[in-house]
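The next part holds the structures, each set out as structure tokens.
Below are two complexes that have subunit A in common, paired first with subunit B and then with subunit C.
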Partner chain A sequence: MSFSRNSFTTKERQKWMSVLSKSSCQELEGAWQGISEKPDYRHLRKPETGIIMVRARAGGSGLRFNFGEMTVTRCTVKTDEGYVGCAYVMGRDHRHAELAALFDALLQNSGYKLKILNMVILKLKESREKRKEEISKKSAATKVDFFTMVRGD
Partner chain B sequence: MVATIDLNQMTPGFSDPVFNSQETFRAILGAMAHPGRIVTAGSALDSPHPLNRASAAVCLTLLDFETPLWTDLDSDHMAIGWLRFHCGCPVVQNPSEATFAMITNNDAMPSLNKFKTGNDECPESSTTLIIQTSGLSSMDGKRLSGPGIETFSTLKMEGLTERFWQDRQIQFTMFPLGVDILFTCENTLAALPRTVKVEG
Partner chain C sequence: MYVAVKGGEQAIANAHKLLSEKRRGDQAVPELEISQIKEQLGLSVDRVMTEGSLYDRELAAIAIKQAQGDLVEAIFLLRAYRTTLPRFGFSEPIETSRMEIQRRISSSFKDIPGGQVLGPTYDYTHRLIDFALEIPDNGNSETCRAEVAAEAIQNAMPRVADLLLAEGLIEDEATDNDRRPVADLTRDPLELPAERDARLQNLARGDEGFILSLAYSILRGFGASGHPFLGEIRFGEVTVELVPEELGFPIEVGEVSVTECIMFNRFMGSATTSPKFVRGYGLAFGHCERKAMAMAIIDYALRSRELGERSEYPAQDEEFVLFHSDNIQASGFVEHLKLPHYVDFQADLVLMRNRQGEFRDGKKEGRDERELEDEKAAKEAE
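This part shows the complex of A and B:
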């Protein structure tokens, strides 16, 4: 395997993959339409939906147990420049997986990388954080404090 | 540790996974039900060297994460990466652990008794062999008879060793244990289930 032309670290890629999978499909579609020079691509693996078993550890360090099943959609594309993009996203949206894979491929290309990191990934990250904040604000308003009354006996 | 798959050399599988695998499944079913009949499979497939199109189509159709595969290719071979990527199948080192076996070099093929032949309770828990041949024809060759064949049929598979046929003869006496075989060549395949008697 050749890593010679890779201009990114695994950590960087994990970060952008995470942002791409957690963004909405509409946002990704908008960002994709905004790219002026889109490369041609073909599917190595067309978008396909399946189930994965999510595993967890009690308290983060306990024994591993099966937490539950989750629907995921995955896709792998190859651009004409030879970059291979992979994506696994939650849910059943095929276009979402395809777009996330396309962005993953573009981000591996140093010619696109900075531009997309600044114009797309940063924006997606911000809007996700905003969404998260709104949700936590909404739930904060419904917060209930539980207390135990001491029985006087 | 499982070797990583090199995606840079990866080529696509079926263009339409659902319909193409149904089509191939139907072809395999037909071949198995009528031993010796030559059917086509994977005609439009771009298979990785050295797999022929029919072998690749059979793998895409039948293999998944529950079917360990044994092959005579080197473990870092591109074709193995292709199979692992598209089928998600585990690749095992020992033929006796495999549900499917892909044989590309018939001269160096292990003896048939090295594969799983099932047991009396579950004779179906055996290995299905996919053997690539350099030619398949029904004009002459071996004389086949048994279930699915009205009188007899003929099938010629090029490039198989005498030792293979001796093994097959011995295994035939072990029925209901034994292996089922699919012979492939380019985009054609024919089946030799364990029920079939081979003469000539």
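This part shows the complex of A and C:
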């Protein structure tokens, strides 16, 4: 492997993996097309769709229980420089998982890392947050404003 | 005499062809698109995902289209599909306290931290048919636009139950041994007595109509020890985390929308436990409020055994509830009656003919005896 262990932390990786899985496939595809020097890669694990059991807690904080399943697609790629990118993304979109794994591999490469963090991850994160904020503001408009009727003498 | 016959292949194939034509309907009407179902029949999608026990909006929408809108049939399709997929693992328990909230109300406290957020709700609508919807393109008008507040709402709203917890007035649930195996009804058959984890999984997958009616029976007095209060209901998105074996640390795989309901119930205490409120818990995929509320009421009803309360009504009987809640099992058993039962019925037919014959003979004898007795009595009287 050509990268040093210190080029990223697990916490950093968790953050970018989160952004990649929560973005849409179209967004990732657009970002991928924008990368001028794409590395060669091969699949260590071809995109594969399966399910995970979603767990929850009784009362929201107590006893764990199996709530229900969701579809997830996973993929692992290895770039020619030796970086292994991994992705588990919600849904059944193989290309989404593949792109997320590719970006995960690129982000481990200090040669790409800063550029992709700024050009791709940050943008995806911001556009997602903006969408979320819009939804939240619409709900905020439905917040009840209680007032007390003052009765005449 | 009954002679076994084979056949029906052609009839079945043609019936299925007829079904696809019927499903498509009038060809002059544009065909439904999956995105239309996903976007405009979202609550059907939510119900199918909840009871199909598989979160995938697109799959649920396809299933609804395939089933011509028959939601139980669509749920069946989803359940069948999931058996074809490998399971990658179990998520970390979702943190509903960190939900990105779109709706959150409490009817136990008026003033709650974060406020009463109504969100997209049918509550307070007049339930009058809106004939404006009859006209297409109405959806593009101004009337379909939400108001936008200046500021977003506070996420990670504190739980209403925590207000009571601080005072020690509610049972503290925050105790779970992480090494405890969690019951999984998709792998192991239900066993009685069922623990709460198995019950909650069963109720989460259970039929909305069945759970709702049972909850109604509780409220009408078949098992209630005072009526429950809606501590809180919240709807929004939560992140799902998974620890893949090859990575060894948790990663976020996406977000699911869920409805969570917590009901407060009075528990009058026992010799060893002081009186306090006890939670009933309901959780559903998507926006399924009726289901989540009914589930919370039944969760509490089924706790009667562990709380040392009397259990004497159907909704408190875990065998009755848990073994009849699944609409796929239920419709399988009920609808299997449509399959040929020619031999079984022949047996019943022979039996009934014999019994009827016996009855007729017996009746004749009976009447004869009575007549004889009557004659005897008449003679004696003379």
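Here is the rule we go by: the second predicted complex is superposed on the first by the 127 of 153 C-alpha atoms of A that agree within 3 Å, B and C clash if a C-alpha of one lies under 4 Å from a C-alpha of the other, contacts with A are read in each partner's own complex, and residues count from 1 in each chain.
One rule holds in what follows: contacts are C-beta pairs under 8 Å (C-beta built on N, C-alpha and C of every residue); 3 or more make two chains touch, one makes a residue touch a chain.
Source: prediction; values computed, not measured.
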| item | value |
| --- | --- |
| Partner chain in contact with A:46 - subunit B first, subunit C second, else both or neither | first |
| Contacts of A:21 with subunit B and subunit C, given as first, second, both or neither | second |
| Touched partner set for A:149, first subunit B, second subunit C, both or neither | neither |
| Contacts of A:78 with subunit B and subunit C, given as first, second, both or neither | first |
| Touching partner for A:54 - first (subunit B), second (subunit C), both, neither | second |
| Which of subunit B and subunit C A:67 touches, first, second, both or neither | second |
| Partner chain(s) touched by A:86 [first = subunit B, second = subunit C, both, neither] | both |
| Partner chain(s) touched by A:134 [first = subunit B, second = subunit C, both, neither] | second |
| Partner contacting more residues of subunit A (subunit B vs subunit C) | C |
| Interface residues of subunit A shared between complexes with subunit B and subunit C | 48, 76, 86 |
| Interfacial residue positions of subunit A with respect to subunit B in the complex | 1-2, 42-46, 48, 76, 78, 82, 84, 86 |
| Subunit A contact footprint on subunit C (complex, rising order) | 49-50, 53-56, 58-59, 82, 85-94, 96-97, 100-103, 110-111, 115-121, 146-153, 155, 159, 161, 173-176, 178, 180, 182-186, 196-198, 200-201, 204-205, 239-240, 242, 244, 246-247, 249-256, 260, 262, 279, 281, 283, 285, 299 |
| Subunit B residues touching subunit A - in the complex, by the definition given at the top | 4, 6-8, 10-13, 17, 85-86 |
| In the complex with subunit C, residue positions of subunit A that touch it | 10, 14, 17-18, 21-22, 48-72, 74, 76, 86, 88-92, 132-144, 146 |
